[in-house]
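Chains here go by letter, A, B, C and D, matching the order in which they are written, and residues are numbered from 1 within each.
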Amino acid sequence: MTPLNRNQIAWRAAQDIWDGAYVNLGVGIPSLIPDYIPKDREVVLQAEVGIIGMGPTPKPDAVDPDIFNASTQPTSFVPGGSTFDHTDSFLMIRGGHLDIAMLGAFEVSEKGDLANWNTGDPATAPSVGGAMDLAVGAKAIRVLMEHTTKDGKPRILKQCRYPLTAAHCVKAIYTSLAVIDVTPRGLVVRETIPDLDFAQLQAVTEAKLTLSPDWRVIEAPAIAVTV
Amino acid sequence: MIDKQVASLEEAVAGAKDGATVLVGGFSAGDEPAALSEALLSTGARDLTIVNNGVGGLARGIAALIAAHRVRKIVCSYPRFVGGTAFASAYKSGEVALEVVPQGTISERLRAGAAGLGGFYTKVSAGTLLGEGKETRIIDGEPYVFEHPIKGDMALIGAQQADRWGNLVMRHSRRNFNPVMAMAAAVSVAQVREMVPLGHFHPDQIHCQGIFVDRVVVVDPEPKNWSARP
Amino acid sequence: MTPLNRNQIAWRAAQDIWDGAYVNLGVGIPSLIPDYIPKDREVVLQAEVGIIGMGPTPKPDAVDPDIFNASTQPTSFVPGGSTFDHTDSFLMIRGGHLDIAMLGAFEVSEKGDLANWNTGDPATAPSVGGAMDLAVGAKAIRVLMEHTTKDGKPRILKQCRYPLTAAHCVKAIYTSLAVIDVTPRGLVVRETIPDLDFAQLQAVTEAKLTLSPDWRVIEAPAIAVTV
Amino acid sequence: MIDKQVASLEEAVAGAKDGATVLVGGFSAGDEPAALSEALLSTGARDLTIVNNGVGGLARGIAALIAAHRVRKIVCSYPRFVGGTAFASAYKSGEVALEVVPQGTISERLRAGAAGLGGFYTKVSAGTLLGEGKETRIIDGEPYVFEHPIKGDMALIGAQQADRWGNLVMRHSRRNFNPVMAMAAAVSVAQVREMVPLGHFHPDQIHCQGIFVDRVVVVDPEPKNWSARP
């Protein structure tokens, strides 16, 4: 059994973005998604800084320092791309105009509560950025994360331990081991990686899981880790 | 591929339901997207609530909807149009209900609806006839009234140009309510004078992003009622 | 004694607009002001429809039907003029960014209450437009009106009879007979037309007037009535 | 005649008072109008409250103000900057107070201040640590928190071009908080790369009208800290 690497998690999540979707990608694993969106789909990427219709990361000699994304990294426009000010950007985000926000997370609860902004460390100032706006505002929140912490502890919990970003907002979780839907009947496993049985998955998941009748195995291509 | 252009006015307004709230852009009858608003006649939808700055003009658009008994209520700031009789007689007879809202409060309520806000406090109308019955709060020693968001089931707006993503550019005084209405509706439809190729617009100079627009239809700008003053 | 005509009232009010002022002009007498602003002053005119930096009314053959003001009349841009959407227009109006709104009125009270939107006639629907937003939002409200009604009844009252647009908002009143400031000590007459004595003015004014120590006579040029 | 251009950074920030609330535009240290924010050092003003998306960068601008003990409080969404120590140590020592506000709530509170609103309700932060102590109201079955307007005594913003009326055009991602901060302050100052003649801008393509801008100063765009990424 080989867990998906970060790029493969991004690949898997990218397959579920439909043609014509308006999507915000958070930092971390979600930022890897653009490379894996099927080429026949036109997906419009938005960033908090006030840009929509972002294209690929420019080559170093083509960087325009005035075109950057919410991680303040260089980006580019595709034809049709445009900018707007912050009030319009968060009108877009908070007002339910984005189809999907793909976010990283520390923890997700079985009710879809999201914790992705604050580890409660008193030594550092808590930094929320646009996390709460996205969590409350986008039509669907999908989380991409390693299934467990570095020391093997579950991140999918009965109840989040870290301070919440927003309650009841996550619709789907893409991890290194599985794709899990958050439903009114609890967490439903839609896909798992090869050679992982359900008991093994439940063992590294605090919240109770059930297996979807449509369950299948993820067949991810081999992709090298880039970040 | 994203292509929001539709071929006909009927497709543009398809799905309008009885009892729907329809946001109609433009500042007055002179720049009302009248081809769209009267295309609503073809849907058969009744009991409409129309949100507009006014109550339509002489005969086209909103005035035609009122005359055809499709309108139950109008939310506007200025329910008067020189020479217009459609609204005036439907108001007198009690057929059409009226909610008069200060002009800036209309656009702010629409923006609140568009932006996912639950409402806001404004000084405008506090202590007046239009403020009666509204929740009032003293803020920094002055009375403010609470205003609720407005959302539309459909928005019918006008623009100069569109690309296939539904990005829009408006011209001069014709911007007015059009962007905020596109933002505040579940289905937003733009009547435009011209389609342009994707990438035609400068990225910093789009007045309403395509994310807020669902359908675009080109309407011949020649008919006098669309381009002429009221 | 000859009362000022409508154009002369506009002329008088125009003399008090300073260089660099941002001004909204209401319908009626205020709309006549642009012709009388001293040529050495750069005054920026805004209208509710979402335009700032309006120029003169264009000649019929130069009308662009997409450039219109809040009365839906053709207008033009001066260099520097621009447009914006309705939410920004009323942010500008309500947020205190305009230096002056020059408005017509039915009635003004001695406390500066303004009634200019509704005569209470049950047969016609009350039409507020942007009147309340302007009255509440502009830094200074100045009213331009005939001193009395057509049948000679006072319009400057102890208390307004018509429904209010906003309370305590009017700072100055320019009428066919006088220029009157609304002050914490009541209504102070700053100027009167020639050959009108104070008692005559008070006789056609319900609210109590006092004469300013700086009182002087209006010396208006002869101007023909245009509207 | 209106001419808002001033000759020096000192003139641009003149009048900043002790205890002032200063809105500093830009999305991050990379596009902070750093020449303006560090010009505040020349005014001697202390006990400043800075409203910004972040807490400044490595050394210039806001970071320089913090290092010089001019800042009493920061209102921001993201109080972290890789490699930056000015804020981190002032926060640890308790010298600088911190109010963390969700990014969209900052711009919305600024807009409320700019637009003369008394406050608004938003779902954002309801039921979280950042929502604690805020007035909460159930609207359509969901909890919303009440948010107050933010107004600045001074705004320091960046733009690409200005004319003598103070009309501004921003470039690409550098628009962000700059327009709304100009709108929300009593005195708004823009640091621009270039002056253009009045009438140069297309009337429909101005990002921030001169009515919101009080002073404009041209800052040589060459210094790396103004144009480079953080």
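As a working rule, a residue touches a chain if its C-beta (ideal position, glycine included) is under 8 Å from a C-beta of that chain, and two chains touch if they have at least 3 such contacts.
Not measured: the values here are computed from a predicted model.
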| item | value |
| --- | --- |
| Required steps from subunit B to subunit D (each step between touching chains, minimum) | 1 |
| Interchain centroid distance [CA atoms averaged], subunit B/subunit C, Å | 30 |
| CA centroid of subunit A to CA centroid of subunit C, Å | 56 |
| Gap in Å, rounded to a whole number, between the CA centres of subunit D and subunit C | 36 |
| Two or more partner chains touched - positions in subunit B | 108, 111, 115-117, 122-123, 171-172, 175, 203-204, 207 |
| Multi-chain contact sites of subunit C, meaning residues that touch two or more partners | 83-84, 90, 94, 136-137 |
| Graph class of chain-chain contacts, one of line, ring, star, complete, other | other |
| Interchain contacts (touch definition) - all pairs | A-B, A-D, B-C, B-D, C-D |
| Contact set on subunit D toward subunit B in their complex | 108, 112, 115-123, 137, 139-140, 144, 169-172, 175, 202-205, 207 |
| Residues of subunit C that touch subunit B when the two form their complex | 48-51, 64-70, 72-74, 83-87, 89-90, 93-94, 118, 123-133, 136-137, 163-167 |
| Subunit B residues touching subunit C - in the complex, by the definition given at the top | 27-28, 30-31, 55, 77-80, 87-88, 91-92, 98, 100-105, 107-108, 110-111, 122-130, 171-180, 207, 227-230 |
| Footprint of subunit B on subunit A - complex, ascending | 19-20, 22, 42, 44, 46, 52-53, 77, 79-84, 88, 90-92, 94-98, 136-137 |
| Contacting residues of subunit B [partner subunit A, same complex] | 1-2, 111, 113-117, 163-165, 167, 183, 197-199, 201, 203-204, 206, 209-212 |
